[in-house]
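Multiple structures are listed underneath, in structure tokens.
Each of the two complexes below includes subunit A, the first together with subunit B, the second together with subunit C.
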Partner chain A sequence: MKYTSQMVAKPYFIAAIGLFVGQILFGIIMGLQYVIGDFLFPEIPFNVARMVHTNLLIVWLLFGFMGASYYLVPEEAETELHSPILAKLMFWIFLIAGAATILGYLLVPYATLAEITMNDLLPTMGREFLEQPTITKIGIVIVALAFLFNIGMTILKGRKTVINLVLLIGLVGLAVFFLFAFYNPDNIVLDKMFWWFVVHLWVEGVWELILGSLLAFVLIKTTGVDREVIEKWLYVIIAMALITGLIGTGHHFFWIGTPGYWQWWGSIFSAMEPIPFFMMTVFAFNMVNKRRREHPNQPAVLWALGTGVMAFLGAGVWGFLHTLSPVNYYTHGTQITAAHGHMAFYGAYVMIVLAIISYAMPMLNGRKAANSAKSQIVEMWSFWLMTISMVFITLFLTGAGILQVYLQRMSDNPLPFMVVQDKIELFYWLREGAGVVFLIGLIVYIASFFIGKDEAEPNEA
Partner chain B sequence: MSKKQLMTTKITKYPPGEIIIWLFIMAELMVFGLFFAAYAVTRIDNIELFELYQQNLDTTAALYNTIALLSSSYFVVRSVIAIKHNQQQDSFKWMVLAIIMGLVFIIIKTDEFAHHVSNGITLSTNTFYMFYLSLAFFHYLHVILGLIILSVIARNINKGAYSAKEYTNVETGASYWHMVDLVWLILFPLVYVM
Partner chain C sequence: MPRSQTSGRELAILFEALYLANLLIAPVMAFLILLVLYFQNKNHSSPLARSHLSQTFYTSLLGGFLVFLVVGVLFLFGGFDSPYIWMWVVLYFTIIHSTLVLFGALGLAKAMSNQCWRYPIIGAKLPKGC
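Then we have the complex of A and B:
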């Protein structure tokens, strides 16, 4: 580690992993509720478990992005972080606000939470993924502004690199698009449309810039390939991500009351969204093949390569499966969407955050470059356990989705929703099993931080 | 530059420019290709509607634009040849001419769009206009991006950044510009003429 202020990344990474565990536990609970409807009812109803599962995902990924930025930006800018104290302060504010919000979901009815937090003054609650009380949303904006100020000032005073620039554009975009969470028009069509400005333009827009820059950073560090080569790839990948991703928002506008041309725009541009992800796969493997060094931290390289492959499969291929409007007419809001959502989030964003944690954590723990060989083996086991189980979660949900589409929407005698849910129960059990294996993988991942702690790291080959 | 010099300029590397731009070009052509295919298929089902409204398009303006882009591409080629012969001043002049012709395209096309807007035509007017406006505007944005790339290259040529030994970036920009030109050469007959 070159700069002491990079140390502020550590609590962010630890919090990210802690919240990740919470997310998976609620995923397991919810998976069980699919087949045992009254499991943990009335303490944790399905809608609350779902809210906690998805909100924790977003919050821990944000912790991961922030930690990654605090680690990466000083090293790229070749200067200390502008204000480590501000970063630490924001960490506690964000963590406390996040924990209070989750507790609010769990302890009081949602309507009461809205009342307590005075949602009626500026109503923003009640929309999927944006369920946070308005006061939490304001907190997120304050944390984001302080974070951007800190990162921006560091970049301004130091060396300007393409990685830092792309990361900064991604982070500014993340903050700007979140502002649409405060816009809550009465017209339901406009409401839905602008809701996607947060949800889609995050994960299929500006987050891809963050993903690209983090991947490029890990690849530069672990492969030793020339920065110029990696930067050129990054330019093209983000250009393609923006061209396809921004207009590709249209694939959410098929059935919400927006003009008909979105059927074409949404279909064509989103059909091209796999391209930047495919480029990322080619990029990652190409750079590793051209490597000039054998980095001693093998799990970091594995996570980086895994990101390329799984993001392409989850976001690219599984997204393409149901993105064309004539197909989406049947698949909209079925388990096909859930299958895509799981693998896309895992492949693109979970894996890149784990890649940067894997790369940075040994240094943050005072090591030279890597954990002990024993720890690395355990971490690589966790990689395969989580990744393979996620593939199976996706396949089982896809199976469930195909059956659901057929039985509920395409067969000669379409069946009601709940009847179909009973018929596809087997797939939900299988998905739950794969989910448990994922949890085991996560426990193994956490164990890797404690195993072989006192042993020396392998030397660079 | 003599005719002999032109004849002796060989492609020393294939494909010219950075390999990454070719990936980008392929990706761009896939997006346009998909749009063109969708246009062609939809036209089969709505042939009368398409033929009726195609008559409202300004073919003369489109012809001028074709000439503008083709000559611009030619000037870019001359610029690349000049830099390969270490003639930086010539290369700069050709590149500026290419940019001017690109700007001519933008002016004519902007006028066309303004005409449609003043007639109250939008993406929702009918299927033909949806395709025409989408394709033309998407291409228009590419011309603007191409012009930005050519302008950066022209500035760098003027600063002496490129020479007979190092001209990869000039070829990279030229390759992208030819792609923009190529797309127009499909768009023009497909949407305006056929």
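Then we have the complex of A and C:
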């Protein structure tokens, strides 16, 4: 590790993995509630489990992005982090606020949580993914601003590279678009429209910049390919991500009461959204094919390659599957959306965070470049367990979604929602099984940090 | 870099691009161009070009066969009115099509890196010199 201040990344990575475990546990609980409706009721109602599952995902990915930035930026800028103390302070504030929010969801009825956190002063609660109490949202903004200040000052005083500038643009975008979470108009059409400014413009906009810069960083480090080559790819990828992703927001405006032209804008631009993900796949494999070194950390390379492939499948293919307006008319809000959401989040964001953790953790633990061979084998097992089970989760949800669309929305005699849910129960059981395998994969992943700790690392070829 | 190797790489990239175009934006038309190029270049001096040509050409044929034959059989025996047949058709088409696209993406990356590559399972045998 070149700069001692990079060490602040470690607690962020550990917290990210811990919250990841929580997210998957609640996913398993919720998956079981799909088939055993009163499982853990009334202790953990379905709507609460869902809220915890999705909120934990967002929070742990944010921890991952922050940790990744604290690791990457000093190295790219060739200088120590502006303020490691601020980074540590923000870590504890974010962790305590995040944990308190999750406990609030679990221990207090949501309406009471809104009341005790004085939501009525500035009402922002009650919307999917943005369920956090207003006070938590304000905390997120403070943490984000302090984080941006720290990262921005480090870049300002150090070397400016394409990677750290693209990362900074992505992080600024992340903070700016979150501000729409505070805008909560009475008009429900406007409400939904600006709600997507947070949700869509995060995951199909600025987060892709963060993804691209992290992927480029890992590939530079593990392949030894010239920075100039990787930077050119990065430019084109982020340009395509923004061109398609920004106006592609229109695919969420099809049925919320916005003007009809969004049917065209949304369909055309979001149909092009797989392009940057396709390019990422070609980019990652091209760089690895042209590598000038055999990096001893093989799992990091595997996660980086996996990111390209799985992001293309999950975000690209499964997104395109239901993005055209005439198709989306039948599919919106079905299990097809859930299938897309699972694989896209895993492929694009979970895998890139795990890639950078895999790359950085050995150094953060005092090693030269990689974990022991035994640890690497275990980690690669976890890669395959999690990735293959996620493929099956996606396929089972897609199967359920197709049947749901047909039986509930297309047939001559459409069936009621709950009748259809009964008919697709088998798929929910299969999805639950795949989810358990995913959890096993995650446990194996965590075990890889503790296996072969005292053994030497493989040599670089 | 010798001229024959450069042109071999460019041709290999062109073949992979046409293979992908056939799957993604210009079905049939891109394959027809690939077909013409196949007969023009099947004895090309560069093993790199020949390998990518044979992979893309034969996989396009086999891929089309896999997609249309199985989907056709499913509809033939299951009809158009069964939700389960539609489920299998959509799932099957999505899996096969995206697998073929991924093969093309990896093939394109190999072509750009001056490397021969055999598509997994369904790829034709690589020519000598690869």
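Heads up, the rule we're going with is that the second predicted complex is superposed on the first by the 461 of 461 C-alpha atoms of A that agree within 3 Å, B and C clash if a C-alpha of one lies under 4 Å from a C-alpha of the other, contacts with A are read in each partner's own complex, and residues count from 1 in each chain.
Keep in mind that, in the parts below, a residue touches a chain if its C-beta (ideal position, glycine included) is under 8 Å from a C-beta of that chain, and two chains touch if they have at least 3 such contacts.
Everything numeric here is computed off the predicted structure, so don't read it as measured data.
Undergrad: Looking at the superposed three-chain arrangement on subunit A, would you call subunit B and subunit C a clash or a fit?
TA: Partners fit side by side after overlay.
Undergrad: Could you tell me if A:309 is touching subunit B, subunit C, both of them or neither one (first, second, both, neither)?
TA: second
Undergrad: Figure out whether A:239 sits in contact with subunit B (first) or subunit C (second), or with both, or with neither.
TA: After superposing on A, A:239 lies in contact with subunit B but is clear of subunit C.
Undergrad: Touching A:271, do we find subunit B (first), subunit C (second), both, or neither?
TA: A:271 sits against subunit B, while subunit C stays out of touch.
Undergrad: When the two structures are overlaid on chain A, which partner does A:407 contact: first (subunit B), second (subunit C), both, or neither?
TA: After superposition on chain A, A:407 lies in contact with subunit C alone.
Undergrad: Would you sort A:399 into first (subunit B), second (subunit C), both or neither based on which partner it touches?
TA: second
Undergrad: Which partner does A:286 reach: the first (subunit B), the second (subunit C), both, or neither?
TA: second
Undergrad: Just checking: does A:185 make contact with subunit B only, subunit C only, both, or neither of them? Give me first, second, both or neither.
TA: Neither partner.
Undergrad: Determine, under the contact definition given at the top, whether A:261 touches first (subunit B), second (subunit C), both, or neither.
TA: A:261 contacts subunit B only, not subunit C.
Undergrad: After the superposition on A, what does A:109 contact: first (subunit B), second (subunit C), both or neither?
TA: Neither subunit B nor subunit C is touched by A:109.
Undergrad: In the superposition described above, what is the shortest C-alpha distance between subunit B and subunit C in Å? Please give a whole number.
TA: In this superposition, no C-alpha atom of subunit B lies closer than 8 Å to one of subunit C.
Undergrad: On subunit A, which stretch or stretches are contacted by subunit B in one complex as well as by subunit C in the other?
TA: On subunit A, the overlap between the subunit B and subunit C contacts is residues 282.
Undergrad: Going by the contact rule at the top, pick out the subunit B residues touching subunit A in the complex.
TA: Per the stated touch rule, the residues are 18, 20-21, 23-24, 27-28, 30-31, 34-35, 38, 123-124, 130-131, 134.
Undergrad: Name, in rising order, each residue of subunit A that touches subunit C in their complex.
TA: For this pair, the touching residues of subunit A are 278, 281-282, 285-286, 289-290, 309, 312-313, 317-318, 321, 395, 398-399, 402-403, 406-407, 411.
Undergrad: Where on subunit C is subunit A touching in the complex?
TA: Subunit C residues touching subunit A: 83-84, 86-87, 90-91, 94-95, 98, 101-102, 105-106, 108-110, 112-113, 115.
Undergrad: So in the complex, the part of subunit A that touches subunit B is made up of which residues?
TA: Checking each residue of subunit A against subunit B gives 232-233, 235-236, 239-240, 243-244, 259-261, 264-265, 268-269, 271-272, 275, 279, 282.
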